[in-house]
Amino acid sequence: MIYLTRRERFSAAHRMFRQDWSDEKNREVFGKCSNPNWHGHNYILWVTIKGKPSDNQGFVMNIDILKKIIQEKVILKIDHKNINLEVEFMKGKIATTENLATAIWNELKDPVEKEGAQLYCVKIEETENNTIEYYG
Amino acid sequence: MIYLTRRERFSAAHRMFRQDWSDEKNREVFGKCSNPNWHGHNYILWVTIKGKPSDNQGFVMNIDILKKIIQEKVILKIDHKNINLEVEFMKGKIATTENLATAIWNELKDPVEKEGAQLYCVKIEETENNTIEYYG
Amino acid sequence: MIYLTRRERFSAAHRMFRQDWSDEKNREVFGKCSNPNWHGHNYILWVTIKGKPSDNQGFVMNIDILKKIIQEKVILKIDHKNINLEVEFMKGKIATTENLATAIWNELKDPVEKEGAQLYCVKIEETENNTIEYYG
Amino acid sequence: MIYLTRRERFSAAHRMFRQDWSDEKNREVFGKCSNPNWHGHNYILWVTIKGKPSDNQGFVMNIDILKKIIQEKVILKIDHKNINLEVEFMKGKIATTENLATAIWNELKDPVEKEGAQLYCVKIEETENNTIEYYG
Amino acid sequence: MIYLTRRERFSAAHRMFRQDWSDEKNREVFGKCSNPNWHGHNYILWVTIKGKPSDNQGFVMNIDILKKIIQEKVILKIDHKNINLEVEFMKGKIATTENLATAIWNELKDPVEKEGAQLYCVKIEETENNTIEYYG
Amino acid sequence: MIYLTRRERFSAAHRMFRQDWSDEKNREVFGKCSNPNWHGHNYILWVTIKGKPSDNQGFVMNIDILKKIIQEKVILKIDHKNINLEVEFMKGKIATTENLATAIWNELKDPVEKEGAQLYCVKIEETENNTIEYYG
């Protein structure tokens, strides 16, 4: 079994808050991350798939196919967007990196499997000090 | 003459646009960066000062002082903020990294000189591929 | 299950040696790392915890709490210190990165569990080419 | 159980192609990577071994021994070489990073075990966006 | 005056040698870099231009234009190619990074000036330890 | 004129203090960096030389020669040493990075010139946030 990881990047705005909480409560729990005027990040996304390299090509999956899947299913929908307002797959979720990782997993699982590999890990770096991983 | 560089980071939301242009015109010139719902970045800021190390301490400037100046004059005003709406020193300016660099230069110049050194360079990385430098 | 990783850094002095060995024996086994006048490193520490994001906040753990635990239990005790002479949790141990990782694990395990998450991995980079991981 | 990772680097030329395919077929499957005049990369190699730190030295393995094994078994055979034409352990294989990872695993497994540790992972970065891992 | 830097990457094969020297002489001067079967690198290219940000847009140059110039004039001609055999602008030159930097400068100077900015620096990293800069 | 930069690394212990000051005064001025039991860093050193590439070889200087000069004149004298106690070229100086940069410049200037190039810059990173440059 071989693990193949593709790195992609996106820049987006977000804020952490709950609509059913007051501004004070949001500020208390989420701190400066709840700023109503938004802030943003350069997110780094690593998608790891696993599989057996084909005898034919020696690849787990042609990296161009994996890249295209991530672009279509994730990057085009989130890059230079507002995660809270504009990203369909985050609708109704608090915009934490935890929730982002599971939502991106759900976006990628089927398309990766349709190509004959398994999705293994979605890893997201929000800042150089904070990273989230989800393994399904 | 010795050059001392301090690296600091901030995350902020912004959009590039001109109020006197239509949405179409803004989209045409600034592309996805003009998204009305904002996007954001993890900016990296390098501030370089120059001076002669004091015989007394062997420093151009005590790094804790430089760090405190940058925190007070820049980071506290811009980190987890909306550059267009909330950052006083960017008021009335298009939120490009070019304009950000000159504005941060103006914030830092006097406090650095008051400590006996000269401000030499303000460098800002917006994404890992795009960087701006300003030397006054 | 979600994995959350926090990166922190510390700079410290150390040497590798055994008191019950001669200087020659120490030099033979530990090489230049046994220098009696010490040397030091910028260590990078990644602490990974795992858990289920709360419905309430969408976090495995509020990153500020994790950061505070690592600061109190590790960074304040080791940053700008001599690992052999001054770090309580390394007392009586050879100052290898292997022993450092298990000692830091022991410092962090209880406080992380008290917050409702599990400690998953302690990873330490000693130099850009040498890294240690401990999973309990 | 402790995991120790050593990073090494090598620069090499390669192309991806099958001799039993036409140039057109190779170009179709492998794209620009099949260029008959070769191209090349700065590969980064991380070798992870696992074991119990010895009471004696506090090491999983002396890093100098691990470094020497990787140098002799891998780096000297592949650095500044043509992977398709000159690297014995890649003979008869398509020069993908997947195949490279398993071949390097086979080079390292016995020598690592002879030193009393287990080989855990071979990880290779081909470009900053594409990485392969093999766990045996 | 503002300095804007764009980072791009390319992977290529090369060897260092002079046709008018024997293999022995080439090996003596250029070492393993003269390998007749080629080797290769992931080159990183930073192109710095300078200019006055326009009042109109706040840019030295729209980064998309600079990106397009570098792609067309450099990346498309050298990425996944053999620098000695296939890169027109390196014809007749020893394939050192020094010569690469001046050749890329010549490729970029006119197109950058046609857009109203000045080319300031071409910087190329061949390996993480070796970098070349050319300022015209 | 071409600029060639070589990166090297060393790990060392140091403390910042003046013998003619009390411990309190040292602590007041140098903070935790004055710890009498030492601390240490992974220093990164970039040495930049400038010159005209020779027609003969296309090099400013053969990188192996520059590497050897830096190894002999700097790395061997400071790597895994105590900067205050064991490094000849830092004798009598406060162990700041500023003083380190000028001292390393003095070590390298003559050997670089003897090879027909000019020393242009000595740059030292003490931590990822603090860097010093000296241009003679």
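As written, the chains take the letters A, B, C, D, E and F, and residue 1 is the first residue of each chain.
Criterion: contacts are C-beta pairs under 8 Å (C-beta built on N, C-alpha and C of every residue); 3 or more make two chains touch, one makes a residue touch a chain.
Please read all numbers here as calculations on a predicted model, not as lab measurements.
Q: Hop across touching chains from subunit A and tell me the fewest hops that reach subunit E.
A: Minimum number of steps from subunit A to subunit E: 2.
Q: Which chains does subunit D share as contact partners with subunit E?
A: Chains that touch both subunit D and subunit E, as defined above, do not exist here.
Q: Using just the Cα atoms, superpose subunit B onto subunit E and tell me the rotation angle to the nearest 5°.
A: 120
Q: For copies subunit A and subunit D, work out whether under half or over half of the interface numbers are shared, and give different or same accordingly.
A: Interface between subunit A and subunit D is built from largely different residues.
Q: Centroid from C-alpha atoms only, then distance subunit B to subunit D, rounded to Å. What do you get?
A: For subunit B versus subunit D, the centre distance works out to 42 Å.
Q: When the centre of a chain is set as the mean of its C-alpha atoms, what distance in Å lies between subunit A and subunit B?
A: That gives a centre separation of 28 Å.
Q: Measuring centre to centre with CA averages, how many angstrom lie between subunit B and subunit C?
A: Chain centroid spacing, subunit B to subunit C, equals 34 Å.
Q: Two or more other chains touching the same residue: where does that happen in subunit B?
A: In subunit B, residues 128 touch at least two other chains, as defined above.
Q: Go ahead and list every pair of chains that touch.
A: Every pair of chains meeting the touch criterion: A-B, A-C, A-D, B-E, B-F, C-D, C-F, D-E, E-F.
Q: For the complex, give me every residue of subunit E touching subunit B.
A: Residues 1-8, 48, 53, 57-60, 62-64.
Q: What does subunit F use to touch subunit C in their complex?
A: On the subunit F side, the touching residues are 9, 11-14, 32-33, 35, 37-42, 79-82, 85-86, 127-128.
Q: Applying the document's contact rule, which stretches of subunit B touch subunit E when the two form their complex?
A: Against subunit E, the touching part of subunit B is residues 16, 29-31, 93-96, 98-99, 101-102, 128-135.
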